[in-house]
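Each structure below appears as structure tokens.
In the two complexes below, subunit A is the common chain; its partner is subunit B in one and subunit C in the other.
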Partner chain A sequence: MVVTQVPIGRVTRCSTRGFVGAVRLPEPDIPAFGGFCVVETQHGQARVIGLIYDLSIEDDELARQMASAGDLSREQLADAQTNRQVPLEFSALTVGFAREGTYHYTLPPQPPLTLAEVYPLDVNEVHSFTERFDFLPLIFGADRLPVDDLLAAALKQASLTYPEKQRLPYLVQAGRECARFMAADLNRLENLIRSLQT
Partner chain B sequence: MTDASDLDSYFGERQGETPLGTVVGGSLSAGLRVKLDPHLSIERLAVGRYVVIQGQSRRTFFGIITDILLDAANPDLPRRPPDPSDSFSAEVYRGSVAYGAMQVTPMLVLDEGAQEPRPIKTIPAHFSRVHEATAADVERVFGREDQSHFFIGSPLDMELVQVNLDLGRFVARSSGVFGKSGTGKSFITRTILAGIVKSGLASSLVFDMHNDYGWAVKGEGQHQYKGLRQLFPDGRVNVVTLDEETSRARGSKIDRILKIGYEQIEPEDVEMLAGLMGLSDIQTGALYYLRRRLGPAWIAKLLEEEQAGEELQELVLSGRILPGTLDAIQRKFESFFRRMGFLVPGKGDEAVDDIFNRLNLGTSIVLEFGRYGNTLAAYVLVANYLTRRIHARYVDRMNRHAGGQADEPRPLMIVIEEAHKFLDPQIAGHTIFGNIARELRKYNVTLLIVDQRPSGIDDEVMSQIGTRVTCLLDNEADIRAVFSGVSGAGALREVLARLDTRQQALIMGHAVPMPVVVRTRDYDQSFYSAIGVVDGEERKARAKRGAETLFGD
Partner chain C sequence: MSLRFPQLLTQIEGLGESAARRAAEAARKLPVALRSIDEAQRIGRDELTNRIRRAGERWRGAHPTDEPVNVVFGLPPHPSRLNVIGADGSQILPDRHAPALYFLINIGSILIEQGTGSAPRTASEAGVFYDDADLYGDSGDLASPAWINGKRDVAEMETLARLAESCSGAPTLALLDNGLLLWLALQAGDQHRKAVDRLLAEYLQHLTRLRASGVAVAGLVDRPRSADVLALLALVLAPEPDPESSPAISPYRGLTDRALFAERLEPGQRSARFVDSSPVNRDFETVGHQIQFFYLNTGGAHNIARVEIPGWVAEDPKRLEWVHAGIIEQSKTTGGFPYPLVRAHELAVVTAADRQAFEAMIEQSLIRRGLRPRISQKAQTKRWTGARRRHRV
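Our next item is the complex of A and B:
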């Protein structure tokens, strides 16, 4: 793998269905909800592709004390938000893996190892990976996740890899693919379609 | 995941074609349900078009689109469609939750490596891909034009493809041409008859009620079209007329004038006119008695052409016939027989034998009714009179042929218009036309019935009709009648009800491998040339070449 991007964090716990990573990054580079990321597994023979579905910042005693202290100065806020080593945790759902230049839209044979570096999936790869909608079943099959919001965010991100004129047709096609899974629940489908348009 | 290209490399790809959809359900009897490809616009489809289905076992199925419908994966969707202003939602729904579907009736199957398709006995598996049939597919089904296969028209939207009627099979059983008035029945019939004459497979006897077949036919806009006699000026078609005056006025070339002597008419000939003449059952029954008592000149005596006053008086006095019955018969005969100029006193001539001989020599006969065509009773009388006698000769000839004493008579197709008047359920059981329709080709005589009210024809007769050429019909009873006795043809009802009013027909039955909607070929100069008519400059050039061959430069 030729890595040219800055890692967004390291894996802290994982399974074949997903992984959790921790990161300490300045705000503009924090991974976003619905973003695609990638991490090596099997000693670099495969790369697990994940979709970030949750971001959380754990609290600690100092943070709780500062929050209850009342007015904070600008310096105190900047110190707490930028300088303190408070890990930001992100959770990613596995939506496929790449091996020998081919994407597989199933769970990987093995999860990544602890502390493996997690990278954002670059634009070209997002485009290639999402050309087919075969990653959707893994999202629809995920339990207790904000599936509909995740879908909308991921698909909109994928559409941005297309020239402007092709974005809408891509979203229409994506909407149709989702509709196959959501045909029985028109309320959910309507919400998703609305989210895709906004 | 297996790619379509992998399957194509195994099954063989249909080059350059977009699939219409996928088989998702159905049955052999009810037809196949095909879910349309989301990329396909449903508005591109039309009932009556052909499709080809690649089966899983490398068989190719041919079918016809019989219905097109809109469906939804969620039954609630029709109750809560997307906002009309939200085109994005509509686009997403269209092709996914809301989709197009079509009903396909499978007709034929082509096994791998086979050349000839055969009738279907199974259906393609789930998810078989459905393509629009190509010209090559349709040609493979309908074969090429040859001596016995006659180009009748082209499938819709396939102008360059020929649908060829198997004339051998067409004349082997009784056939029908049906359609509302003004839908082109006569043109199609004339086209088919031209094909039959050209092929020489059978002779035809056409009872031409409205002078549509013999000579110079007027179409819409006063355009004149050639009649059969003009298409075959070499004697293969003769025109016989009942009304010399009208035929001459029309410039028709006449080969014979038909006169029927009173003494040639039997009660059976008049019986079919009972309804038209207003004869009661008692009066009809009395005809047989009068014929027996009065002898061959019975009609002349009833019309008092001959002295028969005493004879008639005796009949009344004997009590075998009531004076009122006799009076009524005389009155009705008087008003009918006197008006028919082709009915003449005396024994008449040997017209029936002459016509039989001509037919047996391979000459087709168009019997023009002239002004009598407007009198249904005249048409029924003459058609019944001739058909009964010619059929009797065919029966006799066939029986002698079976005994090795005569040649087999040439197949004959009798063409009758307003057929429901002859084949009404009340009378079809005991008329010659009902017999002919039922006995198939036992005696080498079949019918071609041309009618606008097929519902008026006896069901049993309809079920014996081998090939049905049907133009637009919109009466429910007529549509039902056309499909009676045709297995699995119910699905074609929608196709029939949506034909254009001109030059379109649904052909199904014995003479075509599968039902087909055709735009019938143009009846114009190109048709004349195809039949072999030589006109104008070409005729002059031929004459010149002939003269040069005979006499030198």
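Our next item is the complex of A and C:
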């Protein structure tokens, strides 16, 4: 387990297909849509690797009341933004797991446990995990997710782990892999490739 | 869902009709009460006090003060800097079905340095009570909910005193989400008198600390049901009150002071001050903390609160202004209830999830010591029938 990183948050509910975590206040950069994250399972025997596909701030009646009241004092604003618990909920799709130094691009045997700490996946691990494109089927297989945007964000993040000259070849190869899944929908493929180029 | 709503329809209709009947009755009495308040002023404070005396020891109501009873006070200016403290508490009561016997008191507090722009200081401080002395006290009976509520009230006052002593450089207002008279002392019979007296002494000691620190303190009762001023106005109609008469035959029965002052006070205005006639107030008065109160329109549609203050705040014009202006300022964004009390409650409340997590930690602690914690079978069956949530991707 990478313990030098700051955890993104803790698991609040989960299944083998994914998990939801909560964090009190978001850091400027993490958690972020399309980011890879990792959480222990099976008492540390394995680590589930997730891809963050949704971020939401929980509903709050007081915040709504204050927003509509208009005439906020500076102290109330500072209280709302600094002190009040504004739990950010992030949802991650399971894209594989690691056990005994090997990556498996399938669902894990067990989900992580409630309140397990979720960490961002270390940049070296993002590189190693995404060298093979075997994690793509689990993304394409997810229902009701913004799959195309998620793919673009994840692949671009993976490309950043390469030296600059190798990034474009990586993305081209990724595009080819995606084409296998999107052969029946060329418009989607075209949009994805356009997203990878920007 | 276990409520069978079709079965309840008739009763719901009955409830609605009863409420409408009471509202119509109150509306009929209200104009008389409104006229009486001016009449009370004409009679004068001395005569009102005589009538209160003639009404006997059992009479409960509002005593007039040096302020004319029918006067309305406008909103005073708010200081450019004002520290505002709010404190509130919640508790977990002892549960014989739980894995261990204990009770918990959690106090939420906030200190807002109004005028500085800085983020307020917030805290949640919990105490767990599990010793026999805490659980059973002198009598040997398990601590009652009223007793634990009393301990919570003392802890709230202690928090206000501690935070007030940490403030400097600006006037300070300390707010409590409750009346200032210790509720436990009002309710306690002779059986637990010694224990209650100990708590009351502690509570009064914290009030003394607040007075010494130079702050203003106030207890705010939102949507009050009291009719103390109406009891005084009833004496206007009865120059020779019968000391044996029951409050049930008051001419204003069913009406509240809140309804009366909703007609008299515009947003930001307060009523005259009155003295609470509760017997407990004599204990407070003995040590210089006689409790007075006034009604305040905190904004919104007829949002009338009862504000309780010690005599040393009531009779200090500056401190009284901090209370009046401070509550109105802090209620602007929260619909007529002060923001510091909203936040203090949020910081204090122990949710069902908190309690579940806390009891899981207790169970772990017991297991580490070789004990086998078990909730009762009844509690277990309640867990079985509780709702569950499933993660879906």
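In this text, the second predicted complex is superposed on the first by the 184 of 198 C-alpha atoms of A that agree within 3 Å, B and C clash if a C-alpha of one lies under 4 Å from a C-alpha of the other, contacts with A are read in each partner's own complex, and residues count from 1 in each chain.
In this section, a residue touches a chain if its C-beta (ideal position, glycine included) is under 8 Å from a C-beta of that chain, and two chains touch if they have at least 3 such contacts.
If you're wondering where the values come from, they're calculated on a predicted model, not measured in any experiment.
Looking at the shared chain after the overlay, A:N83 reaches subunit C, while subunit B stays out of its contact range. Taking subunit A as the reference, the larger set of touched residues comes from C, when subunit B and subunit C are compared. Touch criterion met: A:A142 reaches subunit C, while subunit B stays clear of it. In the superposition on chain A, contact of A:S73 is made with subunit C only, not with subunit B.
Of the two partner chains, neither subunit B nor subunit C is touched by A:L113. In the overlay built on the shared chain, the residue A:C14 is in contact with subunit C alone; subunit B does not reach it. In the superposition on chain A, A:Q65 contacts subunit C only, with no contact to subunit B.
Residues of subunit A that lie in the contact sets of both subunit B and subunit C are absent, per the superposition on chain A.
For subunit A in complex with subunit C, the residues that touch the partner chain are 13-15, 17-20, 62, 65-66, 69-76, 78-79, 81-84, 91, 93, 142-143, 145. Residues 134, 168, 171-172, 175-177, 179-180, 183-184, 186, 189-190, 193, 196-197 of subunit A touch subunit B in their complex. Chain contact summary for the complex, subunit C toward subunit A: residues 110, 112-114, 116-120, 122, 332-335, 339, 342-343, 346, 389-393. Residues 1, 38, 73-74, 76-77, 80, 88-89, 91-93, 95-97 of subunit B are the ones that touch subunit A when the two sit in their complex.
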